[in-house]
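So, here's a batch of structures to check.
One chain, chain A, links the two complexes that follow: it is found with chain B in the first and with chain C in the second.
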Partner chain A sequence: MELGKRIKAGDIRAASRLIRNIEDNVSEAKTTIKHIFPFTGNAHVIGITGSPGAGKSTLVDGLIEWHRKLDRTVGVLAVDPTSPFTGGAILGDRIRMQRHAEDPGVFVRSLATRGALGGLAKAVGDAIHVVDAMGKDVILVETVGTGQQEVEIINHAHTVIVVLVPGMGDEIQAIKAGIMEIADIFVVNKADREGSQKLHRELMTVLDMSKIPKDGWRPPILMIGNAFDPVEFDRGMTELTEKVKGHYDHLISTNQIGDRIRRKTRHELNEALRSCILEPVMKMLVTSGELDTMIDVLLKKESDPYTIAEDVAGRYLQDCIKP
Partner chain B sequence: MSDKKLRIMVAKPGLDGHDRGARVLARCFRDAGFEVIYTGCHQTPEQIAASAIQEDVDIVGLSCLSGAHRYLFPAVAKLLQEKQAGDITVIGGGIIPEQDFQPLYDSGIKALFTPGATLDSIVDWVRTNIKPRA
Partner chain C sequence: MELGKRIKAGDIRAASRLIRNIEDNVSEAKTTIKHIFPFTGNAHVIGITGSPGAGKSTLVDGLIEWHRKLDRTVGVLAVDPTSPFTGGAILGDRIRMQRHAEDPGVFVRSLATRGALGGLAKAVGDAIHVVDAMGKDVILVETVGTGQQEVEIINHAHTVIVVLVPGMGDEIQAIKAGIMEIADIFVVNKADREGSQKLHRELMTVLDMSKIPKDGWRPPILMIGNAFDPVEFDRGMTELTEKVKGHYDHLISTNQIGDRIRRKTRHELNEALRSCILEPVMKMLVTSGELDTMIDVLLKKESDPYTIAEDVAGRYLQDCIKP
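Coming up: the complex of A and B.
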């Protein structure tokens, strides 16, 4: 509608307001998403994940620079954690990207996790649609500093870059499940530091042990040195951006991009179903005070959580629980 | 179930690397439950205004200890006006002589905090005067 049109016309205020309405769970935001949805799905979405302080924001800044040199427009969604105690957040990723603040071809928006656990914010999926509808060619999604398990980025990005730094543990860390499995590209950042060769060897061993399917992609391991040494950093960034493009070309030439888009779409539908089915029921239970009554019943052991949940389901989901 | 949060940008305009105060404030706003976007030091008014719009903040807090507040603060307010973002409140703080207060207020700065202002008084001012939009 009105807001949707303004976003397609590149109105930054309209776009950032819509992202905010999505974050704040304002119901009109859904209407606007419905309008812009047909115009989405064109951008290459690149995820950047890794531990806190690994250098994700600095690499994002380098990726912005490189894409702008090729005259590609860039959107950035950078996520930082929300305090579990106060609900506040310090969003500091854009500090590293401020040289692009005035470039009309670059849009940077910081998001707080607001309790989401997968390394992203709940609003990220729809925020990607907004930036996509703005017509950005590339969307860089930077996760919070992640540990082992925060792999939500694979539901949003076409290409996932996992950023590692030396000295984060022994070789067992490298064969653990979770984040080490999701990389399309590994970056060993701060590679001028001690231990980077060892980390590189460990990653090579891990990749040597993995089965690579036919038409498969073996994740390259890039060594990127000190960001304060411009020549060395530029060399690393050039190599990274070539691999990012190489991965995207590979996804298209083998049609694996279709699988990734399907995974992303499935995830999105899951989220929408949850928001349209579970959330209204929860809201009703909370506002009517029924939820508290149920908790009292449970505390007195007069019922159990499954019986209560089945009763609620019986009220709202008759079709699903018919024998 | 709408969940409106206050978004505040803490920015340091101009040639001034003394950001301890700005960082303490950023932390303090975080503890007040706000979402705080920190830009880092050495920002031009143009960078600050563009970032504030991209981030859809309710308020921008400028910190300046270099003496250039009479130029930098009004420049940010003016740029926001020009970009149809005059609804974003601009406040400032730092080493600001009293005789500069009125000209800064006249240029659109809504509040000024100088050494001695308590963190609570700053948070209270924001809570009282700024309501999250949307």
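Coming up: the complex of A and C.
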């Protein structure tokens, strides 16, 4: 309770500690999440996703700056192993990030996965709650965006920015295949590079072929050039921030925000159910050493995984629910 | 049982049907997996992972050809949405793949995820079993390799090939952050491009800094040039296939193969436990409409996800295991 109150008061150390406990899957973290949950749901959550090297962090940095100018507080969660926020950065990026370190209106944390069973998905949702309960107006979530898991950003964010760079010949293929469906805004970054016009054209074509729903939002495609040219970069960031605001206004005016929040909530409940139902069973099997015995049986082909799992379900699930 | 026998006899339609059922999470699929399980564990499973556009499919194609020349049968599972095998291909790639379509010694299937809860991880493992039970000597699994989920290829493959291309400035960052740990062999693909020597040097540096375990395998770094230059491509493929064989021989001679198989089996058991314990509970909540009611409660902030999930656990788990 104490920790929850401190987080609500914006205490950075308390929030960092809770996020660390979430990452480490410490069971007390759940208790604190319960306490802060009523104070969540107020922030605008913006996902920024794209390949490693697409320049996502530069855009995150620009978005921080823009929101701070408007006196909005900002939380940043970096789920990208290549993000400067997480330490996998080249020196220049790191230095750029430093300037927010002293600003009490900016809270930055990186997230890593521990443990196998979909740990990250749960950690991201809970960490967003922490930053949300701290009262931050905007939460920026930076993820790597090619895998299936990263497409899950749609389960957490109200607005998803997909960042692409020219030069990867068949990047467009990836777009067709999944990222297309999650993008609210496209950024063609490093647009001074060769191939940016081609990438823009291809995106336009794919968008032209896509069905735009009634009351729909056609994802705009922004071209943002060299981050080292301040005038050009400012122009790009101004356009981006306008579109981000435009998308949020659109969600509210069409009441689509309700659908997004519902999807977020459902996803979160799924994760909590896994944590409260599957995890205790796994824990018991591991601590009793039974899991190792089961693996030995499987290695000898004396049984198969489903027969063993059904037997475990038979022992630990109530009769009404047995498979 | 019938279906299992047909799969064991190498029946392509039976295998395709089972894989489709696995993807769709049809419950009868489990029964068939149980039947074929004793006939699995014989194939050499090779993972090929890398960013979209890294040219993984070209290497897969080369590996198919090489194994066929040695009269080995090959199964291919493409988990990559950008793979030519899955339909997200540019025309040239698709045509190249066609030539294997008529060869009865080659079985190719793509895998897609349906449903949220880590469906792909389970589907990949089960699909590998299907191809394994068909008696294929080698199974090539192509995945996109930047996200956490894709790093899971290590849970399925005996040998993991990580494919990189020069030109993405901080690709090396991604390597440091996870892919490094899973690679048995590195391929710098499209090595005729600018920056390939730099990428090679950076990889060497990272490898030099890494601890190589006793009886260890230092991942070789292969440079493979333009796929449209047949002589150069053949040279590269010959080197790659030698290293793949070399790695497998190393696993066997050092008995590390046992550890890998144990890890695979453990992972698989985890997935089966999820399927038999968490899924029945989820299904009951969905079909009874209770899940929707719970979401409404959460939206009104009248409760929180963990309190609800613990309540569900209290109802459906036996007392001995309640959280």
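The rule is simple: the second predicted complex is superposed on the first by the 280 of 323 C-alpha atoms of A that agree within 3 Å, B and C clash if a C-alpha of one lies under 4 Å from a C-alpha of the other, contacts with A are read in each partner's own complex, and residues count from 1 in each chain.
One rule holds in what follows: contacts are C-beta pairs under 8 Å (C-beta built on N, C-alpha and C of every residue); 3 or more make two chains touch, one makes a residue touch a chain.
The shown structure was predicted, so the numbers you read here are calculated from the model rather than taken from an experiment.
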Exercise for the section: See if chain A has more residues touched by chain B or by chain C, and give me that chain. Expected result: C
Handout entry: Touching partner for A:Ser51 - first (chain B), second (chain C), both, neither
Key = second
Problem - First, second, both or neither for A:Val312, with chain B first and chain C second - result: second
Practice task
Would you check which partner chain A:Glu23 touches, where first means chain B only, second means chain C only, and both and neither mean what they say?
Solution key: first
Practice task
Mind working out whether A:Arg13 is in touch with chain B, chain C, both or neither, as first, second, both or neither?
Solution key: first
Exercise for the section: Pick one for A:Ser275: touches chain B only (first), chain C only (second), both, or neither. Expected result: second
Handout entry: Contacts of A:Met294 with chain B and chain C, given as first, second, both or neither
Key = second
Practice task
Please indicate which partner A:Arg109 is in contact with in the superposed arrangement: first for chain B, second for chain C, both, or neither.
Solution key: first
Practice task
Show which residues of chain A both chain B and chain C reach, each in its own complex.
Solution key: 82, 86, 88-90, 279
Problem - chain B-facing residues of chain A, complex - result: 12-13, 16-17, 19-21, 23-27, 82-83, 86-92, 94-95, 98, 101-102, 107-110, 112, 114, 279, 283
Problem - Of all residues in chain B, those that touch chain A in their complex - result: 1-5, 7, 26-27, 29-40, 43-44, 46-48, 50-51, 53-56, 83-85, 132-134
Problem - chain C - residues contacting chain A, complex - result: 30, 33-34, 37-38, 41, 51-53, 81-82, 86, 88-90, 113, 116-118, 120, 144-150, 152, 155, 165, 167-171, 173-174, 176-178, 261-262, 265-282, 284-285, 291, 294-295, 298-299, 301, 304-310, 312-313, 315-318, 320-323
